[in-house]
Every structure is written in C-alpha cells, then in structure tokens.
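Two complexes, one shared chain (subunit A), two partners (subunit B, subunit C).
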Partner chain A sequence: MNHLSIFVQYVGQYIKTRLTYRSDMVVEIMSDLLFQAVNLIFILVVFGHTNLLSGWSKDEIIFIYGFFLVPFALFSTFFNIWDFNERYIVKGELDRILTRPIHSLFQVILERMELESMFGVVTGLAVMFYAGSNLGLTISWYDPLLFILFVLGGALVYAGIFISLATISFWSDSRTDIMPMMYNIGNFGRYPVDIYNQIIRYVLTWILPFAFVGVYPAAFFLDKTEWYGYAYLTPVMGIFFFSLSIFLWNIGVTKYRGAGS
Partner chain B sequence: MGKYIEMIRIRFLMMLAYRTNYYSGIIIYSINIAAYYFLWSAIYGAKEDIQGLSVIQMTTYIAVAWMARAFYFNNIDREIALEIKEGKVAVELIRPYHYLNMKTMAALGEGIFRLFFFSVPGMFLVSLVFPLQFSANPATWGFFGISILFSFVINTQINLMTGIFTFFIFNNDGLMRAKRVVIDLFSGLILPISFYPGWAQSGMEWFPFMYISYVPSMIFSEGFVGQQVWNALMMQGLWCLLLLVPIQVLWVLAKKQMVIQGG
Partner chain C sequence: MNSMIHVEDLTKEFKSYSSRSGLKGAFRDLLTRNYKIHRAVDSISLDVKPGEMIGYIGENGAGKSTTIKMLTGILTPTSGDVLINGMNPHKEREKFVKTIGVVFGQRSQLWWDIAVQESFRLLKKVYNVSDEDYNSHMAMVIEALDIAPLLDKPVRKLSLGQRMRCELAAALIHNPPLLFLDEPTIGLDVLVKLKIREFLKELNKQYNTTVMLTTHDLSDIEALCERVVMLDEGKIIYDGSLSQLKTSWGEGKQIQFHFKTPKTRDELIRSTGQQLVVWEPGENENTWTANVTNDEDIISQVIGEVVANHQILDLKILETSTEEIIRNIYEEGIIHG
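Here is the complex of A and B:
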C-alpha cells in the first residue's frame, strides 16, 4: 500500500509540474500524435504502390498498427528509460535513487513517467475501430478480456527489453546509441513475420520478441487461426521477459559504483 | 580557428574512449537493415521497380540513409536545452568563443567518430550479407561525401534553432521530439520522397528536410544522375546559407531576453 500512495503522490506532483509549462505539454501531445501519424503514413504510402503484403491487406496492417499503439502507450507512459545511462549513471544521479526507501527501479519509473503518453491508447483504439469496421470484424464477449491481457503482455515485453538494455549501463557506463535503433526494430514486429527470413523471425519472436507487441496478438482479433498459439503466448512472454529484466536489474544495481560528482 | 579544431579533436577523443559499445550498435544496425530488406522485398513482391528504384537500389538507399544518419545526427539541441535549464549557459556565454559555433564543432567531432567507428564497419558488414549496390564511379562517392557534409550542416542548423527556442519557452522537450519525428518522416530516412503522392512531394520542396537524407541516399544509390546531382547539391548549399538567417535572428533575440534559471 505504501507503494500505491507514493505513486499517487508522484502523479499529483507530476500534473502540477506539467501544468507549469502548458505550452510545452500541448506541443508534446501534438508531437506524440505526429509520431503515431508517421507510421500510419508509412503504411498508407507503401500500400499506394502495392495491394497485398504477402497476403495481408492494407486494413489488416493498419489494424495491427492500431493494436500496437495501445501497449506501446502504456510502455512509454511508465518506462521512459531510454536515456537511463546519461541521466542516472553518467551524472551519478543513481546515488540519490539508492538512498530512497523503495525499490530503485520503481523510483526511476516514478521520476520518469510521462502520463500524457497515455493519449496513445485513444489513438490506438480509434485506429483499430476504423480498420476493424472496414474489415467487418465482430466483437465477442471474451475479446475485450483477451485484449486487456494481450495489451498488458505486450507492454511488459517492451518494458522487459528496454529495462534489460538499461541494465547494461551498470556494467559499462559508456554511452550506447542502440536505444533509438531499438525503437526502430520494434516497428518490425508490426508486420506479418512470415515476410522475414528464419533468422529475423526467430529474433523477433524469441530474442527481441517485438512480434508479441504487434502481429501475434493482433492476428487473434483478425481471426488468423494459424497464429493463435503465438497470440496466447503473449502474456507468458511478457511476464517472462519482465521478470528477467527485474532479475538483471537487481544484480546490476549491486555492481553500480557511482560515477559523476 | 584553432580552438574550434581543438573542440572537434576533444569530442572525437571523448567518443573514442567509449568506443566498445559501438560494436553492439553495429549488430543492432545490421538487424535493422536486414528487417528492412525483407520488408521491402515483400512490398515489392513481383514488381521490378517502384518509382524507378529497383529492390536492390531500395535496400542500398535504406542502408546508406541509416549510415549517413550516424554522421549527421547529433543531440546538440538537447545539450543546449540542458545547459539553459541548468544555468550553465551563462558561463558558456562569457567564454571567448561563439557558443553556437562551438556546439557545431563538438557535433562534428561526434559525427566523424561515428562515421569511422560505426558507419564504415557497419556498412562493410551489411554489404557482406545483403545484395547492396556500390557504385564503381569515384565521382558518385565524391558527390556523396559533399552531400553528407551539407546534410550535417542543415541538420545541425535545425538542431541549433530548436535548441535556441529553449530560451523562449524554457521547457522544450515537446518541440525537440516533434522536430525529430518531422525529420524522420520528411527527410526521406524511412521512405524515399519520390514514393509520396505528387501533392505531398511538391509541398516538401518548400522545406529543408528532404535535403538531409533523401539527397545523399539518392546520390549514393544512383537514383540521381547527371544534372540532377548538381541541382540537388546546389539546393543543399542554398539551404545551408538560407538557414543562417533565422538562426542569427533567434540568437540575437535570445541573448536580449535571456533569463538564467539556475546555476
């Protein structure tokens, strides 16, 4: 319960600081929308030159994208740790984190959350309903339940991957520029994995399992029965990768030696 | 001049000290290009070419676009914003150099480092696995070299402008993110400009973004030939000069109404 009340306190503080710089907040929400539009434009432009992407139609690809936006919004709201190395390790800020009476990762999450990213859930649902109605999809009673489960699983997969990457900084405090490119690799999970060759498909399924934040769970709602097995695995993968990252974090924190001043 | 060259050298050495992690970056980069290759192969399907680019040219285009990005990309807008927020900029301004020039030189040092320790080995690795098309014509390489220098200047100028904006709006994260998204989309990094519908293309001609990534990548993959190359390079040069004006105006205004927030 202690964690919950701290969380609520931080949310309150967060809203206050955001309201101080209102113009920046508006620009930030706009830039999020723009970011979501970029990928949509990519899909639209590409389908201006072709009708099918290895058997998947434009609306199906758009639907996958809409689904992807929801777990991604959750992820970017709470796990904003792409600059963890610069912000906490190089500057020695982690010293301060470690003196706090709650788990260090939880403290970092509290400090770095960006609640306005939650707006992506709305965009994602809008895109899904748009594409879904074009495809004539129907909603069964269990669909919303599975949707929530898949979304949580997907967000945990993302969180797991990025926390694991952030823990590298505990062992080596040099800068890596792999985070932005990792975001880009995340995009490939949104396309039907059968277009890739064996190696890439394997990587996207088991090593950097971004396919579980896009095509696999979305295929369930698109009634692609051949992918159901993978779709059901989504929450399992999420829990596994997230636990792995916590495990790595807990070891890594003990290796932190403190840099900066 | 000497102090600026020294800045390039210092930043280069600073990056060199931390070079090991760049090797992991190369692997991630290779996965990235590989996935693009298959994605574009699927998009092409049975088609020979789209908008005059074959699938091999397309892969070359994407691979080069990301490699060139390693050179022209920098975070000086974030550095400037942070220094303004922490109040360090006050000290920077009384030092005997031009603040913006110094930032540009630091960015160049970083760019040169990434070019040699990331782009070149990465490109070599990727070309072993995937069918990329390298031109045998030394002129193409020369033009490409000039072109990415211009890309660096234009991208850095845009970064400087975004950075200076922090003087006026204090918290600048949203604007910086918007800028990054706009550049990714309209510079031709993820899609060649020629793939967009006609009205969008003619709209983009009024902005400097396509001269950051589209032009060098098209020159390298030989999507541009002959007169087209010259025209593109001239436009790049023109934008470099043109963008100096808003930077100067913003800089003068910023210095006048500067508020040091901390420090």
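Here is the complex of A and C:
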C-alpha cells in the first residue's frame, strides 16, 4: 500500500501548487471545455446533412462521443507522456527518476499528472445523459459496474498505446511527430467503426485498438447486441495492451543512454 | 572480502553513428550507416571499503559520469560486474537505490515549485523513512548545513549555494551508507564550499558514510579524500593515496629569494654548491629561484647557506600544486614511481 500513500502525497502537493496558480487551472478547464464543444459541433454539422450514418443516429453518435470523453479524461489525467522524449530523455531527467526506489513509470505518471483533466468525466457523463434521455435508454443495476469496467479498460488501451510509443525514445532519442499523429488516430475511435473501410476497421480493433475506447463499449449501452462481444473484450484488451507497454518499458529502461557526459 | 563497492572489468560502450558530409553523404546515411563504437569506460576495477572517501577525477569526457551512472544503477554496463552493498545496481534497482544517496551538481532532486520541506516530505515518503529516523537524523543534517531558515521557501527562490545545501540534505533523507556526489561544488563560492566540506567530514565521522566524489575542483579532494582514482580515456591511470601522488609526481619545491643586491648565478652556486640546487633567474637580477627536491633537510640547508652569505629581503617556499601535478600527468600520460 506504499504506492497508494505516495500517490496521495503527490496529489496533495499537486493541489497545493495548483492553488497558488489558480488562474492557470481555470484557463486549462476552459480550454478543455472549448475543445469538447468544437467536437460536439462537428458531429451536429455532419448530421445537418444526413440523418443516419451507416445506421447510427445523431444521438447515438453523440452518446459514443460522451462515453469516449470519460476514459479519455482518465488517460489525460494520468498519462501525460506525450513529451516524455524531450522532458525525460533529452534533458536527462530520467537520471533522477532512476535513483529513486519506485518504479520509474509510476514516478513519471506521478510527476506528470494533470488532475484538471478529470473534469472531462463530468462533461462526458453530461453528454451521455443528454443523448441517452433523447434515445430513451434505461439504466439497469449492472450498467454502472460495467461502465466503470469499460472505462478503465478504455483508459488502459490508450495508456498502453502511448506508453509503448514513449518507450521508442529509449532506443532513439531523435524527435518524432508520432505522438500528435497518434492523438489524431485516437479520435477515430469516437465514431462507429463500420463507417470506415475494412482495413481501418481492422487496425482500430487489433493494432491500435482505439475502437475499444469509444464505439465498442458504448455500443453495449446503446443495446446494439451485435457488438456485445467486442464490448466485453474491452477490459481484456486494456489489460493486454497495458501489460505489453509495461514490458516494453522495462526493457527500454535498460537501454537508456543518459544525456550529456 | 568486505567492500562497499566492488567493481570488476566494468565496461560501457556507446554506439553512435557518424554522419557523412554533404547532401550526397546524407542520402548514403539513409541506406548504410557508419557506426562507431566508443568505449566511455574501459574495463575498470575498483574496490572501496566502508567509510572511505574517495575522489574520482579526470578530464571532461574521461568517463567519470558514466562510471557514476553505472554505479548508481542509471545505466546498464556493457560488460563487467558491479556489486555495491552486496547488490547489483541495475538488477535490483529499486531495492538498491534505497541504500545510496546521489547528488548531481547540475541536476535538481527537489521540486521546483514547492517549499523545500515539502520536497523533503515527499522524499521521506518515497524512501519510506519512519518519523523517528527522519527527525533524529535530519535534525543533525539541517543544523550542520544551516538550512533551517530555507525550509519554507520554494526551491526556485533559492540561490545556487542555498539550493545545493538543500540538495545534499535531500540526498541524505534515508541516511544512506553510500553517497555519490557528481560535481557537488560546481559554481559555488568559497564559503559554501567550505561548509559542504565540513559537513561531509562530519557525516563521514558520525555515520561512517562512504563517499565517492567527482569534481574538477581539486581543493575539494585535497580537503576530503585520502584516496584518489584518476581516469583517462575510460581507464584508471592512478589509484592510490593523494599524498603518494604528490610525492611521486610533485617535482620538488621551489624557494624564491629576493636579495638586497643583484646576484649572479656563480655567486649563488659558490655558496650552495651544485648538487642540491638548480638556480633559475627571476624577474630581475635581485630575485632568484632555487629548485630543490622535496626534503626538509635539504631545504633548510639551502636556506641556511644562502642566508649566511647574502642579505635577503624576502623568501618564499612554493610547493607544486595538485593541479599542476595532475596537469603534468595528463600531459605526459604515464605513471612513474
């Protein structure tokens, strides 16, 4: 339980520093909200031209988007490792991390967390309830439990992919633009995969399984029985991809070359 | 065998590719790359006993930092064995680092935005130090380093000297038996340097802490370390006591005389003889320097003879400084004696 108490200490410090820079926090939450609003407007514009997308209605797609926001919020709260290469490898900050008696990845997560992003959970839930009530969805007793399970699975899928990408830096410290590109690909998971062609669908399911962060689990709550199998796979994919990324990370750390002399 | 640090045939190679020149070269680089293997540390062996303070010196790029990084578990060696405190640093990293303290002069351990004591608290948690241990041990550290007034200030508001003292304290929160210092006094003023040296001596005396220190400031090493390990191009070229280094390399002493009247070499040789002394003219005819071997009897004999025969205004005895010795070693590149 030592990890948990360290986590609590870090959160305490984080809040303390954030309270001294209150305006930053407000700006950050506002820009997140704006970003989410733009995405929502995009969906509305598309549906201004059509009523159905491959058999999905506007409210269903909005619901998927709302669901997606929740695991994505968890991911962006704890796995801010898009600048890992520059911050830890090029500047050599990993030296410091490696002289401390906690798993290196856990320390990076603790240092880079951004609790403001948790606000996305609130917007996500609000969007889901709005779309859900339009669709007349009902909530069963097991829905909240599965929701939590699917959200965790989705966040782990995201984390697994981005941690694996970050480990590339251990082998080559040259700058790549792969991280922002991956953020864009991640957005594909917000739309029903059957609107894409076969190859993209395959990639989003098995190679870069972003579909497990949005459509597949959300389809479960939309009562799309044909997708149930994929929905149940969400936690499995999450655990698999996350474990794989930890494995790669642990190998990568032994290849770390340090910065400077 | 009871050693704190045991290193055998430790080697670290870095693979880097050299790019060809010009645009044509750049295209060729895309296809085939010229890899160069650079040995930063070349099969070094070293044993350090508990409680020793050793100075690790060498020019920039000699492999000092790479060695320290391997010993602290940051880098994985290409080959060779490291056993510190009975542990293998990169195999049992998390358990191992609980037994060492590390200060990198050019990198901060502390959190930039929060007060020093908050940083200490986080580290206390990270190292899982009990309240009793923390209080009894850190009271001494805070007192000795005189950082009590700094504890509630955020790190970014501290001066370099203040920060460095706090860094040192932060590295000692878990009272490690082994402390690595990589250029801890870089850029500090004399007073802070003295304070840090005093503190390290005190720490070594009280807890028998083993200290391994790299520095470019040889006065640090003179003040602290009995033993020096000198590194050149990844190889150890000297491992022994500092005083031995000085006697075998320090090329005697110089006695500088300032006479009342102008002197010639012949006059001086007549009074001292030629076996013991080599006379060198100084900046004017009144000043001469006598080069003698580093032996008390000879020095006093020479001084006695000169003073008996000539009137002098001033006299100075100069010792070859450690810095000069080291420069000589690097320039000549061989070890004698």
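Everything that follows uses one rule, which is that the second predicted complex is superposed on the first by the 259 of 261 C-alpha atoms of A that agree within 3 Å, B and C clash if a C-alpha of one lies under 4 Å from a C-alpha of the other, contacts with A are read in each partner's own complex, and residues count from 1 in each chain.
To be clear about the criterion, contacts are C-beta pairs under 8 Å (C-beta built on N, C-alpha and C of every residue); 3 or more make two chains touch, one makes a residue touch a chain.
This is a predicted model, so every value here is computed, not measured.
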Applying the document's definition of touch, where does A:Ile200 land relative to subunit B and subunit C: first, second, both, or neither?
first
Contacts for A:Gly92 in the overlay, against subunit B (first) and subunit C (second): which applies, first, second, both or neither?
second
According to the stated criteria, A:Asn2 is in contact with first (subunit B), second (subunit C), both, or neither; which is it?
second
Once the structures are superposed on A, label A:Phe247 by its partner contacts, choosing first (subunit B), second (subunit C), both or neither.
neither
I'd like to know which partner A:Tyr228 touches here: subunit B for first, subunit C for second, both or neither.
neither
After superposition on the shared chain, which partner residues are touched by A:Trp171: those of subunit B (first), subunit C (second), both, or neither?
neither
With both structures superposed, pick whichever of subunit B and subunit C touches the larger number of subunit A residues.
B
Contact residues common to both interfaces of subunit A (with subunit B and with subunit C)
none
Per the contact definition, I'd like the list of subunit B residues that touch subunit A in the complex.
17-22, 24-25, 28-29, 31-32, 34-35, 38-39, 41-45, 47, 50-51, 114, 118, 169-175, 177-178, 181-182, 184-185, 190-191, 195-197
Quick one: in the complex, what on subunit A touches subunit C?
2, 5-6, 9-10, 13, 16-17, 20, 92-96, 98-103, 254-258, 260-261
Subunit B contact footprint on subunit A (complex, rising order)
21, 23-32, 34-35, 38, 41-42, 45-46, 48-50, 52-54, 168, 172, 174-178, 181-182, 184-185, 188, 191, 195-197, 199-200, 203-204, 208
Name, in rising order, each residue of subunit C that touches subunit A in their complex.
14, 60-61, 65-66, 69, 72-76, 90, 93-95, 97-98, 100, 102, 104, 107-109, 111, 113-114, 118, 121-122, 125-128
